Amino acid sequence: METTSHNNNDNAIFPDAAHDYHGHPRYTRILISLLGLLALSLIVGNLFSLKWAILLIFATAIWKTALVIRNFMHLKYEPLLIYVVIAAVILILFAFFFGVYPDIPAIPLDVTKPH
Amino acid sequence: MSKDHQAHLSLPANKVPEGRLGMWILIAGELVIFGGLIASYLEFRIRYPQWGEMAAHTSTLIGAINTVVLLCSSYTIVKAHEAAQRLDIHKVMIWMSCTVMGGLIFLVDKSIEYYHEISEGFTFTSPKLQMAGDHVGSLFWSYYYIMTGLHGTHVLVGMTVMIIIMFQIRKGQNLHRVELAGMYWHMVDLIWIFLFPLLYIAK
Amino acid sequence: MNIFPENVSTYGQELDNLFWLITVFVMIAFVVSLFVLIYPLIKYRKKPSIKAEYITGERKKHFKWVVIALALLLASDFVIMYCEHDAWDQIESVPAKADVRVGIIARQWNWIFVYPGPDGILNTSDDVIVDELNSSLHVPINKNIVFELRSQDVIHSFFLANARFKQDVLPGRTVVRWFNLTKEGKYDISCTQICGILHSKMRNFVIAESDDKYKHYIDSLYTANGHKTTSAK
Amino acid sequence: MDAISHKQSFWTKYIFSTDHKVIGMQYAIMGIIMAGVGGFLAYIFRYNLAFPGAYIPLFGHLSAMQYNAFVTCHGMIMVFWVGMPVLLSSLGNLLIPLMIGTDDMAFPTVNMLSFWIFFVSALVLLSSFFVPGGAFGGGWTMYPPFSAGGYVNKNPAFFKELFSGTSLMILAVALELVAMLMGGINFLVTTINKRAKGMTPFKIPIVVWFINIASVIFMFSVGPLVAGAFMLLFDNVLGTGFYDPARGGDPMLWEHLFWFFGHPEVYVLLLPALGVLAEVFPVFSRKPLFAYKPIVYLALVSAILSVLVWAHHQFVAGIDPRMATFFSIGTILISIPFAGIFLSFMATLWGGSIRFTVPMMWALGFIGLFLIGGLTGLYLGSNAFDIYAHDTYFVVTHFHYTLFPDIFFGFFAAVYFWFPKFTGKTLNSALGKLHFWCTFFFFNGTWFVLFFNGLAGQHRRINDYSDFSLIMKEPYMSFEKFATVCAILLILSQFIFLYNLFTSLAKAKTSVRNPWQSNTLEWLAESPPPHGNFETYPEVYRGPYDYSVPGSTEDFLPQNVPVAHGEAEAIANVQNGITTSTNTI
């Protein structure tokens, strides 16, 4: 973790303070909504039919992710560049998933045993 | 040298400081690694519906507790960052030690869960299932252990990093690193937010 | 000029034609590009007292040449795509009418051939299995031979150069492909996916022969395996 | 900053240095050493192919197992331990901070760490030759289940799973990828944050652009493979079944994971070398780079497309035929931006005043050879013909015609071009030209004939063709012998370079700063640049390729030269054809 020590000298508490400051959202409120979403996902797991349950569960998961990234990781204070990076990650993973999809889930497994 | 260099550089107003930019890129890399793992898991999850009953063996309760713990520890680390920007070193130390505690609770909780599963015979290779001829089931546990194990390793790394930083902060140095460690910790949190429904809830 | 091995399959000729078609495009592109590369080297060598022209190439006047070249390349690419698409479909999609259906199983390090038993259906207990080193797969000529490719251990690849056919054989799945050989003879089967120490010895044959010769061979197999097949039931 | 450089002891200055130049040198030297290893392996199995079973000088007799191991390791080493460090890490470390006019990388310690992780990975790889059971011999694509569950190397020793050639290979690759990831983060952050004053994005030299785009491609495509490498390692060490169909897994997953990284990797290797060309051509034709901005955009497009074409390596692997068509179209589309980049480079020559210096010759040779490699890609990109050509020597020849010019011609162009800057000495140009012509001819001699072997149906990774009647006949056997002789001469001609290198290093320093009269910022620093690079941080006023600007007496205007009065008008006049630009000096 001594990484930045060479170009940010260590004695300055905030080496590039001019750019490092940004506001803070209402963290407590975010935490409560996160826990609420968690409870929700646990409930729907038992209430609805499987398909709807999975849909709702992942909807809440994505919602939670958005809350954490935007508020806890302060994405909402970052320039467009960072949004692009995160979007690239998601798009790449989708490309991979759908590129592989026809070759694994769609193909039944049948193992040939030696005679 | 670095000071006049900083002064001399032409900084656009929306410039991300080096540490945070590097951390964002590192996080992107980590997310692609975990994403590849999760994507591979999903391919097989769709191929083998019978993985549902394997997932039923995981303890949703412990998983939920762990989620709460991680969310709360994420909360404490952002509070630590807030305090760091107020230069309130005492508060920073308190909040960060809360986060490290959270990580510790998570790991203890996780190891209790591992203990139960292993005692039920669900291990990395699950010989029990192999004997019963349920190879597909054993593959689920291989994925379960590689995903949770890799995630647990990240929790461990995050804790170590935070402890190192706490030592620096006690000397009043590198308060900006609280945020960096925090971002890493949030990433670990994010990954868990997805592992939890994938491995615990979706039966 | 026969730079290819002799073609004996119905679809092989299409691939050869495709090769020559692509070669035409490639040759044109190659000659033009070489000219674009070599000509300035001769014409614009360093001369005393002549300063180079100032061309940023970002103006339409100059960059349009690159755009034109790219458009031509893209067009020829899609011409090639269009021409090869039928060949691809023909090879990869199995015809509905299968005259002969055989199983080909790869193992380290041999190709195993499975013929349907007297019931004429593959994958039943009376199948006849030929598992000898350098053994041959007997097929009748001018018939659609549909084969199920399987592997027992690792990834192999079934390569019949004379038929222009190649297909990887992955364990855990059955790949169904076909060919139709038009000429009697004995042709090499080789494994093109590295599979171990004897990878280079994993060589068997396809023997394409007339229909009655083929029937005779199958009958000899049945008589030879008669006991085995009955005992298996 | 002088105080810093004086304080350092030998170890901190040259071994565990955080100075980007020293780290770049370390990467380059490591790459050259590994290239020696890879070349020696190539010599061994080429010899065996020409004279099967014969006694090989300097080695002895080659067993089938060794043959497989050597072909595999040759590929692995040349891609991961020569191409990556030399083109990406070495060039990136040496050039980025100097070209964007700053003192060092953003995270020097991470930079040093990345080299030493790379060093360890190289040691792990080399050690795998000496474990019982030998090095990994399953092809550089490492297709499971052959590479899983100890099919390849049976090591009788203790901890046999972990210390088998297979596991060590996987471990080495994983470490190498981690090292490159750290390097990539460094490049990106440095380029985004530490640019000199006035260096707006479109004043950055192309090579810096391309190294960063390559890093982005690498970082985003490598993730799934890292995850997959973990799974493969556990398959080997713990006996899990991620890729074993008998245990519910599927080898097709690895093929996708591998090629999802493996194809973008081609562009990761290609882009930095193209960047070198983009620096060399304008300097030696004294002319602005043709279409600077379009080139950058084309590279960005190719970066996006590069993750959408991977499965064209799996046309015959039994993937869904419709997907094959899709990926075939993707392959065609990605050929367009690269064709555009190459055409722009060629167009740069038109109307220039060309100097045939050694770096220029390497750059031109690169273009000429890569032309053949790229065009033969058309055959393989069309999935129907790929059914026949896949895994034959046609493919092998194709990617040697792309990767050899890319890695070696690109690297040598860079070496002969920047050697004066980083050592303060100059390489002998006569020897350089001899080196170039030998390499050029012997490379073609080695590979061109093998196109015909491939079309004759000669398949890969076979140590002994005695069984295959298609190959065991003329002219193909004599082609094999000819190729081998040329390959040996090709390897030998590299000693010209080593001799040139060492004799030039023994010479006295020449204090000239800008021998090629080039525009980019690194030539402003003294050569070799001291720790901290610049006396005063340069300020940038113009693009990197202002050569032969109308109205200026000098035919080059470095980036830190302010824009003169009336320059814009003069340029506009020339571009509108009001005045002619071929004015005499």
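Letters A, B, C and D mark the chains as written, and numbering starts fresh at 1 in each.
As a working rule, a residue touches a chain if its C-beta (ideal position, glycine included) is under 8 Å from a C-beta of that chain, and two chains touch if they have at least 3 such contacts.
What you are looking at is a predicted structure, and each value in this text was computed from that prediction instead of being measured.
**Q** More C-beta pairs touching across which pair, A-D or A-B?
**A** Result of the comparison of A-D and A-B: A-B.
**Q** If you average the CA atoms of subunit C and of subunit D, how many Å lie between those two points?
**A** Inter-chain centre distance comes to 31 Å.
**Q** Where the CA atoms of subunit A average out and where those of subunit B average out, how many Å apart are those spots?
**A** Subunit A and subunit B have C-alpha centres separated by 11 Å.
**Q** Can you check how far apart subunit B and subunit C are, centre to centre, with Cα atoms defining each centre and the answer in Å?
**A** 47
**Q** Would you please write down the residue numbers of subunit B that are in contact with two or more other chains?
**A** 5, 15-18, 22, 25, 28, 31-32, 35-36, 39-40, 43-44, 136
**Q** Hunt down the residues of subunit C that sit against at least two other chains at once, touch-wise.
**A** In subunit C, 171-173 touch at least two other chains.
**Q** Residues of subunit A touching 2+ other chains?
**A** 3-7, 81, 88-89, 92, 96, 100, 104, 107, 109, 111
**Q** Pull out all the chain pairs that touch, please.
**A** Pairs flagged as touching, ordered by label: A-B, A-C, A-D, B-D, C-D.
**Q** Give every residue of subunit D touching subunit B within the complex, in rising order.
**A** Subunit D residues touching subunit B: 1, 4, 102-103, 106-107, 110, 181, 184-186, 188-189, 192-198, 219-220, 222-228, 230-231, 234, 238-242, 246-250, 253, 257, 532, 537.
**Q** Give the list of subunit C residues in touch with subunit D in this complex.
**A** Within the complex, subunit C contacts subunit D at residues 3-5, 14-15, 18-19, 22, 25-26, 29-30, 33-34, 36-37, 40-41, 44-47, 49-59, 62-63, 65-66, 69-70, 73-74, 77-78, 80-81, 84-85, 87-89, 91-93, 108, 153-155, 157, 159, 161, 164-173, 175, 188, 190, 192-201, 203.
**Q** So in the complex, the part of subunit C that touches subunit A is made up of which residues?
**A** Counting only subunit C, the residues touching subunit A are 105, 107, 112, 129, 131, 150-152, 171-174.
**Q** Provide the residue numbers of subunit A that touch subunit D in the complex, in ascending order.
**A** Checking each residue of subunit A against subunit D gives 2-7, 81, 88-89, 92, 95-96, 99-100, 102-104, 106-107, 109, 111.
**Q** Tell me, which parts of subunit A touch subunit C in their complex?
**A** Answer in residue numbers: 107-115.
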